[in-house]
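Okay, handing you the structure first.
For clarity, chains are labelled A, B, C and D in written order, and residue numbers in each chain start from 1.
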Amino acid sequence: MTYFNNISNIKYEGSNSTNPYAFKFYNPEETVGGKTMEDQLRFSVAYWHTFTEDLSDPFGAGTAIRPWDRYDGMDRAKARVDAAFELFEKLNVPYFAFHDVDIAPEGSNLRESNQNIDAIVAMIKDYMKDSKTKLLWNTVNNFTHPRFVHGAGSSNNADVFAYAAAKVKKGLEVGRELGAENYVFWGGREGYETLLNTDMKRELDHLGRFFHMAVDYAKEIGFGAQFLIEPKPKEPTTHQYDFDVASGYAFLQRYGLQDDFKFNIEANHATLAGHTFEHELRYARVNNILGSVDANQGHPLLGWDTDEFPTDLYATTLAMYEILKNGGLGSGGLNFDAKVRRGSFTPEDLVHAHIAGMDSFAVGLKVAQRLIDDQVFDKVVAERYSSFDTGIGKAVEDGTADFYQLEQHALSLGGIQNESGRLEQIKATINQYLLKEYAGV
Amino acid sequence: MTYFNNISNIKYEGSNSTNPYAFKFYNPEETVGGKTMEDQLRFSVAYWHTFTEDLSDPFGAGTAIRPWDRYDGMDRAKARVDAAFELFEKLNVPYFAFHDVDIAPEGSNLRESNQNIDAIVAMIKDYMKDSKTKLLWNTVNNFTHPRFVHGAGSSNNADVFAYAAAKVKKGLEVGRELGAENYVFWGGREGYETLLNTDMKRELDHLGRFFHMAVDYAKEIGFGAQFLIEPKPKEPTTHQYDFDVASGYAFLQRYGLQDDFKFNIEANHATLAGHTFEHELRYARVNNILGSVDANQGHPLLGWDTDEFPTDLYATTLAMYEILKNGGLGSGGLNFDAKVRRGSFTPEDLVHAHIAGMDSFAVGLKVAQRLIDDQVFDKVVAERYSSFDTGIGKAVEDGTADFYQLEQHALSLGGIQNESGRLEQIKATINQYLLKEYAGV
Amino acid sequence: MTYFNNISNIKYEGSNSTNPYAFKFYNPEETVGGKTMEDQLRFSVAYWHTFTEDLSDPFGAGTAIRPWDRYDGMDRAKARVDAAFELFEKLNVPYFAFHDVDIAPEGSNLRESNQNIDAIVAMIKDYMKDSKTKLLWNTVNNFTHPRFVHGAGSSNNADVFAYAAAKVKKGLEVGRELGAENYVFWGGREGYETLLNTDMKRELDHLGRFFHMAVDYAKEIGFGAQFLIEPKPKEPTTHQYDFDVASGYAFLQRYGLQDDFKFNIEANHATLAGHTFEHELRYARVNNILGSVDANQGHPLLGWDTDEFPTDLYATTLAMYEILKNGGLGSGGLNFDAKVRRGSFTPEDLVHAHIAGMDSFAVGLKVAQRLIDDQVFDKVVAERYSSFDTGIGKAVEDGTADFYQLEQHALSLGGIQNESGRLEQIKATINQYLLKEYAGV
Amino acid sequence: MTYFNNISNIKYEGSNSTNPYAFKFYNPEETVGGKTMEDQLRFSVAYWHTFTEDLSDPFGAGTAIRPWDRYDGMDRAKARVDAAFELFEKLNVPYFAFHDVDIAPEGSNLRESNQNIDAIVAMIKDYMKDSKTKLLWNTVNNFTHPRFVHGAGSSNNADVFAYAAAKVKKGLEVGRELGAENYVFWGGREGYETLLNTDMKRELDHLGRFFHMAVDYAKEIGFGAQFLIEPKPKEPTTHQYDFDVASGYAFLQRYGLQDDFKFNIEANHATLAGHTFEHELRYARVNNILGSVDANQGHPLLGWDTDEFPTDLYATTLAMYEILKNGGLGSGGLNFDAKVRRGSFTPEDLVHAHIAGMDSFAVGLKVAQRLIDDQVFDKVVAERYSSFDTGIGKAVEDGTADFYQLEQHALSLGGIQNESGRLEQIKATINQYLLKEYAGV
């Protein structure tokens, strides 16, 4: 059974193509920075937004027209697998990602749910034998069902904690079965609606235990995937404990988990937390905890997670800059945790949206690589901080200076000379790089 | 006396130039959309940010290094005029704009202040004889001095109201003297700190009177400039009455002023009000009240007016699209109400920043014109609304339909077919246009 | 059939009561400001949040436990009516409000939907014969169904426009049938997702036509309810045309509708638009367009409409201050457009929440009345603006002053003396009034 | 020389007093929770906002009328000390706090600046001999002077780093000299304007070194004050490294500083970071890093630091709840890092504002203590989490459970029963406590 019948395999046709069903910038085999674009970008399709999502919003019923919705229950779940691997092939993406409930409906109890998962996992495994598309990461949805109303690993209800743990246990087994390269924790309900009825200390301690048990179990079953925490500041909760990378990092250190986790950074979650996407990437990079990326974008004037497909070339350029500087994402990738707009309700829009996102990151990659090759930022930064390469600055970095020496140095200064940061010039340079990249220069 | 001695006249050198003191995209003589770039863009330098601003912020003293600051009082004011016309020529800008206090220091009373203004206006007028640079608009600063602590035209103090009126009277005379093409009202203190001690009705009525008197006086002295209101939602006030274009338009209609005013739309004020720049432009355009533009940009994560030089090519493209669709700005222009960052404190940064802004709007102009030439949006829009070109839709537009007919039509419908809005595809198309513009395609 | 079996009629027991099922502050028969609390506050229960809402959110399925959900379709609709009038009586509220789809499920076509409505309206009308509870307002939901994906009165699809009109036509008939005192328009989809595919002018013109037709039809059928527009800046749209009261007022004046509409102001919509609740009320009051109130509150740190029950006594006090100063709400009332939190999922929580809201507004009423009786703000304001009662100030207000006279006055001033606004003292005074109200002073 | 000549010592007169120069709620000798109000609240006057601040804003010159401004330079500095101790006595506050530049003007070089400081410190020390008012904390201002344009401890310029260190060295010596109970670090410029020219890793490493040197030097000179970091997310920087308590805590752990620092939490900084005030206090409390409080409030609709005097009784109640639960603030206190509004420009407003803040926290203290005495939240919380007191929940907390056991438990569950969080009822209860506190009940 096929579902995208009008769509052929999407090919690279170059920047002048007027074919809406072609890549204009993403050329998987083209080498950039010593690797193919495919290997650099490691694109992943998000199962939930592309195959499960109905495009409902808080004020409206779903608008999505999805041919597999003619089925119900497990039949629909199977149809979605068919559709998924068809689209993976047509988009030529190397990865996908899912939550347990994306691929299989929950049963009337945990045992049944697990059986449903097993059936679909077997089907996916079968598909994967003949497909290039691998599992970037999986996770479990411990937030949608009403049982998680007060949290999962941070629920006040020990039964819910146990249920959540059992779901993660299954998730780890599924990840091992399908060769997932990472395993993600997004704690959609791990936070609070109000402090007034919340025991924050007890909840954080429980979460610490929860993660330690997950680490232990993965080791026990030989599942070697990289564990990732995906921060988000709020929504659906009023406050989520993993507010941003920094707060997650504080938690990991506090509970002795810093060696077992990295972060999955979502652009829209960054901006909801009051940070730029590149800030979260940079902060993770310099602390060596950058794991993977949920590639999307938010609307700067809206206060909720819009999960738009990424098309802002400034954002893709600066993101790819951080990723290249990180030496790539390792086992991570660029997962399109992005949904088409409610008004883009046809199956064709799913294809347009992925092309838009993949082309945008391809441009970002090329511009970022050129900025690195030409040392555009590197030269600026090396020059700006050069006073720490010698003399009193070097003594600070070497750890040999103390307040006495620094005071002596300060007293000896005639005047202090700062240099302009040249931000406006730098921004003009980025524009020039962006526009020149395809100018054949 | 010259002040930008290391800077030659800035020339267009094309997109491959590595000369930081050259335009890469702004070519004033190049024709786009039937007019030269210079005539389309009508750039203006803002006197306050470029010649008066010291780059202080609420937590720091000024950092700006300005060679004319070696002088004081009227001597400094004159040095600024020298510097200004030197820079206007080197940047080759056709317009500038100022507040009264930007050009001349306040004296110890109104009479002295006016004398200071007169002296500088004479000097400016003299310069203008030999300069191509004209006055886009002038205005008076009725917000900095402590007397305006509770407002100007909306002050609770009638003396302050009178003083503000006297300053505007002088401003109108100055505008006539220098041939200003517009006169701007930004009511920085026309709002409230708190409703608890505010008589909103009385304040709005006073403002209405204030504007009527200004209109009357301009007519009386034969000053034919377009009057412009510049909305801003807040800062320094908690709430400014001209929150956005819509609230300003409500006020104008309420007080019978709608035929005498258009709007000066600032990008950063738009975003502080929760609107995109292009929204404010579009809203003004469709209501025929788009007058002029304060060309800058804000930081989407900061809650105050950063007045950055505009470098976002998406914003410049969408802004120029609205302006071109408006048939241009008439007597208005693109005024750089923008300041270099506090860390960009050298005179050279003023040049870099203007080049960045002018190049960015030049790119926006060319991309927008291409989008119009190719009817990219026009085709989408015409098709989307075509159901109103005939039948029941046309009856609605013609005003012949009523609820009975519409109900009959609705009852007769089998099902309703909507079409996808195709947002993701449109965004990809914009990226393609942006990148192709300089690809020599 | 009854649904709140454990709940007796809620009585006023005074501020020391520890009975969770009692009013501590709302005493309907107590006279405040010359009217009973019941007549001053005119409380209304929102049918949708209390009887239809399932407490789902974008990341979670509904948690609400509602005994009437054991039924389906029209049976559930009827059970809801039973539950509603039981709760109205137990809460002793004088009003309720609904959308068409709250009370009756949509049928497979418009005709069927209308039949469903007719059946339930008849049942409601029957209940109303024996109930004190009247219909504050009704409206129709032109935003949830997928057909409204691109708008209703502003849809690009003329069929959808017609369908929306037919629903409003029916809504007006229903309002007349049940004696609604107002009719509300909240344009949840009347705005845009993106300007890129939007013809704003055509959409606004269509909306103008839509409202005129509604006014005409109401007159024709003799439905004399006050028409109300309920502004909201965004959500679900990226931008809603009725962003706030000011933008709605601009629209009404632009399309000649200003005499036919007032505004229904929702607290949470105000804050989403960047305004305080009291700002929107004040702005409407001084422009004589304050119609009714959706009494709720938002979370100041969340960027979406949380529609919380109102418990902030500062907000209720300042709101009641504006309402009392308006001479009351006329045909309007305080409608609890508020939902219990997702974690407050029992039927009892509906009762607790309404008690919380009613008590909070009762406190606000009493404190506001005391502030008015003692002329706390009035004295401050009268004194602050007294310079406009005589002399040049009076000439301004009388319209006899012009810029010449004002300049003469300004030139004659020795120095300008402003008085402190005393904000901190005023805030302390409000606290004292709040705490003293129940101190038996 | 005295400056507040019209103001007598402010006395407690009770909640019915109409004397604007009296405390209505703050009775320093009254015992609440086993200590006097004075000892519980430990109020501190902020030198900068009360004696140095001129009430300028980014769009306006200073409005403050301060009798000591008739002097200049060191004379003004000395006059401020006179004024300060006069006001401390009249307000009867036990603490004050300052930055180096608040008390003494900078000289033409570091040596001169230090001499100025020494002179004023001697004068302050002299005053303190006869005053009850002690130094809560001191700090140095490493953000106002242009030399700090690119940061202080995180500056790219090693000279600036040295200068900043020398200033902190002096600050620690001053703190020891005056018996400061804490020493505060607010890194107003420790962050970045843009990532494009920033080496985040090098800057963070430098900051880590800076703090270690400060710790070492304080030990060396025997200055035993508690070190405090004051987080703020942004302003004046685009991004400040100590964004919030969590990010500061991540940094401290990363650089091995967690045992040497606690946090000084400012309410307005919390809300700018997207957190409630009580969230930051709670997070610090449960991690045992709550040190002191900058008691102020922000405006929820404004995006900058308004530093208003705290008058919101909900905020003061919830803050005092956290503080009481923390067993008090130890060496910390409630420092009014708050400024009168620009329109409240008289010396009297300084008194009104402090009375407003002190009364508001006094009410908060009493209501919070009553909530604790009655175990209002404690009972709710204990009940909510009771499933972790026994069985599988206890096994989780004891660290004996693993994923196998949890899965077994989950599989054995028939259904999961959650309890309502009862948020609306809790909020009504808080209102009742607030209003009852002074009702003589």
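Convention: contacts are C-beta pairs under 8 Å (C-beta built on N, C-alpha and C of every residue); 3 or more make two chains touch, one makes a residue touch a chain.
Heads up on the chains, UniProt names are A, B, C, D = Xylose isomerase.
In this text the structure is predicted, and so the values were computed from the model without any measurement.
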**Message:** Hop distance check: chain A (Xylose isomerase) to chain C (Xylose isomerase), minimum number of steps through touching chains?
**Reply:** 1
**Comparison of A-B and A-D (more C-beta pairs in contact)** = A-D
**Prompt:** Between chain A (Xylose isomerase) and chain B (Xylose isomerase), what is the separation of their C-alpha centroids in Å?
**Reply:** 38
**Distance between the centres, which are taken as Cα means, of chain D (Xylose isomerase) and chain A (Xylose isomerase), whole angstrom** = 36
**Asked** Which residues of chain D (Xylose isomerase) are in contact with two or more other chains?
**Response** 146, 149-150, 193-194, 234, 274-276, 301, 341, 343, 345, 418, 421-423, 427, 430
**Asked** What is the shape of the graph in which nodes denote protein chains and edges denote touching chain pairs (line, ring, star, complete, other)?
**Response** complete
**Prompt:** If you look only at chain D (Xylose isomerase), which of its residues touch chain A (Xylose isomerase) in the complex?
**Reply:** 109-111, 146-147, 149-150, 156-163, 165-170, 193-202, 204-206, 209, 213-214, 216-217, 233-234, 239, 243-244, 246-247, 249-251, 253-254, 273-276, 278-279, 282-283, 286-287, 318, 377, 380-381, 384-385, 387-388, 391-393, 396-397, 399, 401-404, 406-407, 409-411, 413, 416-419, 421-423, 426-427, 430
**Asked** Given the complex with chain B (Xylose isomerase), which residues does chain D (Xylose isomerase) contribute to the contact?
**Response** 57-63, 143-146, 148-150, 188-189, 193-194, 234-236, 238, 272, 299, 301-305, 341-343, 345
**Message:** Give the list of chain B (Xylose isomerase) residues in touch with chain A (Xylose isomerase) in this complex.
**Reply:** 15-16, 20, 24-25, 271, 274-276, 300-301, 309, 311-314, 340-341, 343-346, 348-349, 352-353, 355-356, 359-360, 363, 418, 420-425, 427-428, 430-432, 434-441
